[in-house]
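Chain naming follows the written order as A, B, C, D and E, and within any one chain the residues start at number 1.
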Amino acid sequence: MLQPINVSLESLNLVTLAPMLIAIVGGLVILILDLINEKLHKSLYVMLTILLLVVDFGATLGLGVNERGFFDVMLIDGISIISQLMIIVASIIFIPLALTSKRFHEYSYPEFFALFLFMIAGFQFMVASDNLILIFVGLETASLSLYTLIALHNRANSFEAAVKYFTMGALAAAFYAMGSAVVYGLTGSVELYKVAEVLATRMNETGLMIAIFGSSVLLLVAFAFKLSLFPFHTWAPDVYEGAAAPLVGYMSVVPKIAAFVVSIRIFGMYIDLGVEWVRVTLLVMAVLTMTMANIMALVQEDVKRMLAYSSISHAGFIMAALALDTTEGTTAIFLYYALFMFTNLGAFAMLWISRRKKKAFSNRYDHPYSKFAGFIKIMPVGATIMALFMLSLAGVPPFSLFWGKIYVMQAAVNSGYIWLAVVMGLNSAIAAYYYLKLIVYMFLMEPVKKVDVIYYNLSKPLMVVIGFATIATVGAIFYVQPLVSYLYYMISASGY
Amino acid sequence: MDNILSILVFFPAIAGLLGFIVDKESARVYGITVAAIEFLLSIWLWVSFDASNAGMQFVEMIPLIPDFGVSYYLGVDGISLFILIMAALMTLIGMISMSITENIKNMIITLLFLEMTMMGVFVALDAIIFYLFWELSLVPMLYIIGAWGGNLRIYASVKFFLYTFAGSLIMLVGMLFVAYIYHNLTGVWSFAITDWYALVLPVEYQLWLFGAFFFGFAIKVPMFPFHTWLPYAHGQAPTIGSVILAAVLLKMGTYGFVRFSLPMFPDASVMMITPIAVISIIMIIYTAMVAYAQKDIKQVIAYSSVSHMGIIMLGIFAMNAEGISGSVFQMLSHGIVSGALFMLVGMIYDRRHTKMLDEFGGLAAVMPKYAVIFGIMLMASVGLPLTIGFVGEFLVLLGFYQISPVMTLLAGTSIIIGAIYMLTIYKRTFFGPVTNEANKVLKDLTPTETWSLIPLVAIVIWLGVYPKPVLEPIDNSVKAMLEFMDEKAITKEAKELIIVAKSNQGGA
Amino acid sequence: MIGLSHYLIVSALIFSIGLVGVLRRRNLLMLFFATEVMLNAVNIAFAAISHYYNDLTGQMFAFFIIAIAASEVAVGLGILIVLYKKHGTLDLDDLAKMRG
Amino acid sequence: MYEVVAFYLFSGLTIGLFLVTVMSKNILYAMTSLAAGMVLISGFFFILGADFLGVVQLIAYVGAVMALYSFAMMFFDATRDIKEKNTNSALVFLLGGLSALVLVLMFAAPIHSDAITALYPMHEGVGNAQDVGIVLFTKYLIPFEVAALMLLVAMIAGIILAGKKMDQSLTEDMSADEILIQKDEK
Amino acid sequence: MMENLVYIALFAPLVSSLFSALFGMSKRQTFVGVIASTLLFISFLASATLASHIVSTGTPIHVTMMDWISAGDLSIPFGFLVDQVSVTMMTVVTLVSTVVHIYSIGYMDHDKSFNRFFSYLSAFVFSMMILVMSDNFAGLFIGWEGVGVCSWLLIGFWYHKADVSREENPSISPSWAANEAFIVNRIADLGMLVGLFILYWNTGSLQYDVVFETLPSLSGSVLNAAAIFLFIGAMGKSAQFPLHTWLTDAMEGPTPVSALIHAATMVTAGVFLVIRANPLFGMEEVAGVSYFIAALGTFVAFFAASMALVNRDLKRIIAFSTLSQLGYMFAAAGLGAYWIALFHLAAHAFFKALLFLGAGNVMHAMHDELDIFKMGGLKKVMRPTYIYMGLASLALAGIPFFAGFFSKDAIIETAWNEGTLVLWAILVITAGMTAFYSFRQVFLTFEGDERYKAFDIHPHEMYKFVLIAMSPLALLAVVAGFGMGSFEHFVTTLLPEYHMSEHTHHIAWLLGLVVLVVAVGGIAYAYKKYAKGLKRDEALENSFIYQLLANQYYIPQFYEAFITKPYAMLSEILWKEVDMKIVDATVDGIAKLLYKSGDGARRMQSGNLSNYLNWMAVGAVLLLLVAAFSAMLG
């Protein structure tokens, strides 16, 4: 007969759930508020969301490192805390972008904000666990919300984007499930710490290697899709093009941070187990990703699409750091994303403020390069800020991403992968071309049309967001030190 | 004023920021004033510089990212001091003589930022800070070429940017690797060049690292075959852009060799003497010949810059005080002379809106003052004794003779083929009858133009006749560096070569 | 005797059939069917492993996969509906406006 | 013996049905065979002693999911044959075949190990539903709740995406901002 | 006191130059010329005083003004050494310069760039003074290059003239000639620089005294190399074959320039260098080089004289004769008779300058016509000039008791004395040729029928003061030879003595007689042929030899066809084919390749979802296959 189960509240360590609960409750509150009064303005929801996220942030910050909770399903280690913090910060920057001076479809739904908060909760679950089940459920919660958020932009392109993302996501989910099944079959467990223990004992069994490699491949396919690694990146440019600019900026950061955390857990485990094959594969994919994305970005006519490829390329860059599987490499991932977050969100916010409902410059694109021709004459400050973002993305010092880049490259050098650092360098040089192209259009060309209100969508909150992103981009040199030492501390504390 | 270097670096930047507020009409005066103050500050630096001290002076050090070994670390020695002063001077004079009126405010602000980066490169003692300013200097230059340049300006500016950028990224990998080795040996992260100097690296590492740094520097110099961005950049840039590009930005590359490659990789440097010398000789002869074939005056001077940079490179790898000091001096000399020549070409361009040689002829009769100053600069450019151009070239060739007489002879042909293209353009521009109607009514130099050139003429002659005040501090620092390299060298060949090169066998 | 491998191989075959479906289907609705097939294949694997290890975790996973599949269907159909309203078709060959 | 027969029967049928699902031109056939295949999969579950899972499979999949698909099918008016331009069927079958090959190779490996001890063992004499219930509401309570959240998300998504409000797009509708634009252009 | 004189001698010309430069762009001011001449005269006085001081005390004056270049162990000061050799040069240079300055006031009377001319001219003198006075090789090089530049400026003084074809004017244009002179000199300068480097790295200094002191300790190969490269330098400045073409082309400059630079002073710098470096050239180890110098000098003497035989251009004839005489000087120096070379240098300076200035008078009279075939009978209107040129030609031809007699005779005697009979014979023959062409020119110009009338030219004599100013040169051309003995005594305190052997001494009179007979024969033949007027001999003029000589052995054409044009072509090819199509195209090619591959790669982004899924599956299957393979292999 079954024994009654005694569970003490203390052993559950419920505080580990606090951040996600805040987000979930927040989402529910928004839904309820909408039920009570349909006429509430979006600004209320925006502010409410920010407030909730701030509380969430605080709750996350308060978590102790290396704690487990709730039957060890929850894992609050260093990377889970920093990734949650980064997710929340990115969300706080993202959400005010809803307050445009023009009305866009998705923000007319209070559900948008609820789904947004649920998505954050999903990501938080995803990063705060080493249980493949919870990771899967969290991932799907977040993904399903994200598909919806994309579709809510409500125009043909965004539906197309949502469908593509969704379909490929479903395929990736199948691979994830299959991979987990193999892992489960190999170890009888879906908890990574346990998996690692068992796998370590089974490494030398004959004939098993194919299953171990296979499990890594199946999982890799799923995460390569999420991280948009070549050749699983094909969705990214189209989805980025179809979605609204701020959401693209968000998508290029937050889901990837979450996916990277899980990748660190999973693939780091494999590499630690001595499956060198995984490292090689990751490196090859990383190099292919950054190179292919770069050369494809060269030929883009649209800034947003170019930035999409650029984001893919950056992801490849970071994947290389992951493959190193050193503390520095892992630190580099987070440092890179912390810096990339501001710059990239800033850049997409700049696109957002220039967004028109009618495509005046091209039949297809919202943000063709030609739209920005002579931007300096129309909006000098805007052009300068955009140029700063581009320079930062290109890795020109002292702007933020430069520090991320050298940290990644240094990590590569430290692990003896000098060729990798050289490849990264060359790729940065190629990448500089397309960033420069925008600068050239903005600064060196004459406006295509006589007078055009580029800053069509500008509003005070957007200005604040952009201003903040600018300061973070330009002043990176002053906060890199505390950031690095915090990240390094957190990561090494949790043993990565 | 212990922090004079910081002031030097950031004064123009702050002035540039404040410049956004200054009214468009007054921007030019504002710029000139700021540049003048900056120049005076640099002079003050010289005055308070202790010429007998060969080490770093006015050192400032603030840790920025201690976990990563990056610190704000500045200092100046005899090698960098004068390049610094020249950069300030050329910016000032370039601004005074500037004829641009379109978007003048943007130009002034850009120039001031550019000045910051130039100052920064030459005073940085932390590799990352060096790299920071190094890369940052591309941006204002890109804008200057791209916004005020000729028809191909965008192509030229993008080419300039990407080419240099690509090279320096490889250099960055090299820097990171040095830092890694330093960390491995000492357990401390540091990007301070002075710390790196203490590293004694295995020869194989030295060679690889030398190669990595070489890419960054060689493209900037620019060395053959990486030079093709330069003619475009110069050909398309507005006058002020060409002046600063030639006078200061190119020097960053050669300065890099002196500051990084030599003291950090003495053995590799010694081993690379022959390849570098061969490239330098190709630069000297080949580009001089290409210069001769040009149809555009500015292109001639652009290619001549490459040729002259070949001399500078050769001197750096002479591995003796004569050669290296000569090289550093030649950097100054080339800066001033080519800067002046570009200004002169700009002046005629302002009048005729063409730089094609065929359009001119007989200008000496129409514009005598212009012809005289052009003539003086030309003579300095071909290295006439008692002009600034001779001292450096002479010392470089003299120094390199110690390494290889045959190569010196080949490199020495620069004095012949330099004269060929220079005299040819001079003849075609200034001599003969005035055939083109448009040239008959040209006005001679305006007072502003004259007065912006006179100081350069004065310097050209002063330093040609009495280079000692400049040469001595340079020489002191170079000698100290050579001592150091000799101590540090690990291969026998390098040690011997540096010892032998360090002092001649007088009377032996 | 039927061993674990038998089940797993069946699972693999069904998974591959699902994959073929995903790859060859041009109609989005039918494509979704294929993804369901794939997920079901995995469920067989989990149930089998669970059975042979006498461990409940596999069943848990399968349980959650069913939940996930159901949610996906809801969201997927929602997206299909708006898409259909806009385009009037579910053929994904007509859905290539964004490219390059 | 009974198990062997059941296994091969179910296997053959399932594979056949799913083949119909992915190959059939008729959406109705495809859906029907999918539903049938899922029923047979629940049969696998029953063989494997996962009774609760089998029930859930029947209810959730065959009941809910297929019902949803049926409604959707009606909405899309997809009862007629679907014309599909299969451009690259050779590649598709090659990929499918190869993946099958590798996966079979993988699963043919001695994955099963007796050394592995169950973390959440099934108990003798305890119903499967009870076993599952205990694990689900202790260890997997959090995933369970998150799954609930996921279903909520799916519900909201389904409602708002299919809702009337989506018909008029503010994103493309200039009139939504007309007053604002006029202000701007002055 | 004496130190100040050194500086006065040196800097007076500089002051003069700068002063004139002040007015360089304003209209003609006679006082500029006057002041410049005065300053030059002051410089001459200072030099003369120094000369007398040296003569009386015998101790050289050595001053160091300041440091110039010091780097590494190299230390070069601005130091000046006034010793027997340099003071001789100084005196000659300043004297001729003063005369030429005064002369120029008249000659350049109508030129609107009058002031500029004086500025250049004085600058030249200053450079020349540095060249001769410097106490080290680097200082010498300053002067060396300085005179080169001034020569460039002065040859190209009439820069406004257009280029014409070589047939019309063998020098093409003044500016072309100027560039040629500069560039050819630069070739030699490179040799000189290398010579300097050799000396520096082997002796540790560039100071004459240090270098010469350490020479004996150096190896033969080093010494030879140093000597060869220094001599290459000398070859350029003194226009020795094959670097000689520039000198005749340099006649495009105003005639005073030709007189001062291309006859009296600058071109002798090469000889001066060899004399200065006599401790090197006189060493046993470098005897081969010295002999080569002598042989080359002899060859050039003959070679240049042969070209002078048929030339019709007044100034070019004198230029060839200068070349020829430089050959004599090198012959002497190469044979070790340094003091004789120096003496011939000085004597030559006087009479050649006089000859040129006379030619200037003729040009002035003939409105810049230079073709002696178009002159004739000018003695009626220009008697003083006739006398001057006649005297100078007598001196040049080596008629006894004129300056040239002593010096040239001594050189020929030296050739005999050294036993180099081939050299001797050539030099003797050359002496005859010299006499012939000198007087061919004089007779064609001043005697015979007045051919100029056909060209509607009304010649007139030069200004009086100009003629008076020329008189010191005329005087010296006549009497300088008598100072030979005391000169020898004076300079051999510094230069090695050179004594004829007993045997040579014994037959000196005979040797002199041979030379004299040949010279007189030359004059007589010239008289016979040209004094009565010009009778052109078509057959002769069309003969191969005549054409060969008239075209300077086709050497300029050769240079143009095989050096200048190929250089230009190669440059063009390097630029258009190599730089643009290979080097730059590679860079652009890489960029284009990346761009193209981007264009290719974006095709995978077809927009079709099914394709995307295929890609994903391809990736997955590929990874699976690789995994399976590596698992099986590993």
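What we mean here is this: a contact is a pair of C-beta atoms (placed from the backbone, for glycine too) under 8 Å apart; a residue touches a chain by one contact, two chains touch by 3 or more.
For clarity, every value in this text was computed on a predicted model and none was experimentally measured.
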Task: Touching subunit A and also subunit E, the following chains - done: B, C, D
TODO: Could you tell me which chain's Cα centre is nearest to the average position of every protein Cα atom shown?
DONE: B
- [ ] Report the pair of chains linked by the most C-beta pairs in contact.
- [x] C-D
- [ ] Determine, using the mean of C-alpha atoms as each chain's centre, which chain is farthest from subunit D.
- [x] E
Open item on the list: So the centre of each chain is just the mean of its C-alpha atoms; given that, what is the distance between subunit B and subunit C in Å?
Closed with: 65
- [ ] List the centre-to-centre spacing of subunit C and subunit E in whole Å, with centres computed as mean CA coordinates.
- [x] 96
TODO: Please work out the Cα centroid separation of subunit B and subunit D, and write it as a whole number of Å.
DONE: 68
Task: Between subunit E and subunit D, distance of the C-alpha-averaged centres to the nearest whole Å - done: 99
Task: Touching two or more other chains - residue numbers and ranges from subunit A - done: 133, 137, 140, 144, 147-148, 151, 154, 163-164, 167, 171, 178, 182, 185, 188-189, 210, 214, 237-238, 299-300, 433
Open item on the list: Touching at least two other chains at once: which residues of subunit C meet that condition?
Closed with: 4, 8, 11, 15, 18-19, 22-26, 32, 53, 55, 57, 60, 64, 67-68, 71-72, 75, 78-80, 82, 92-93, 95, 97-100
- [ ] Pull out every residue in subunit E that's touching 2 or more other chains.
- [x] 591, 602, 605, 607, 609-610, 613-614, 617-618, 620, 624, 627-628
Task: Pairs of chains found to touch, sorted by chain label - done: A-B, A-C, A-D, A-E, B-E, C-D, C-E, D-E
Task: Parts of subunit D lying in touch with subunit E, wherever the complex brings them together - done: 87-88, 91-92, 95, 98-99, 102-103, 105-106
Open item on the list: Per the contact definition, I'd like the list of subunit E residues that touch subunit B in the complex.
Closed with: 24-25, 66-74, 138, 141-142, 145-146, 149, 152, 156, 159-163, 173-176, 179, 182-183, 186-187, 189-190, 193-194, 196-198, 200-205, 214, 217, 567-568, 570-572, 574-576, 578-579, 583-584, 586-587, 591
Task: Touch list for subunit C against partner subunit E, complex - done: 19, 22-26, 92-93, 95-100
TODO: Flag every residue of subunit B that touches subunit A in the complex, lowest number first.
DONE: 64-68, 106, 128, 131-132, 135-136, 138-139, 142-143, 146-147, 153-154, 157-158, 161-162, 165-166, 169-170, 172-173, 176-177, 179-180, 183
- [ ] Within their complex, state which residues of subunit B touch subunit E.
- [x] 159, 162-163, 224-225, 227-229, 286, 289-290, 292-294, 320-323, 325-326, 329, 362, 364-365, 368-369, 372, 379, 382, 384-386, 390-391, 394-395, 397-399, 401-402, 405, 408-409, 412-413, 415-416, 419-420, 423-424, 427, 430-434, 465-468, 471-472, 474-475, 478-479, 502-508
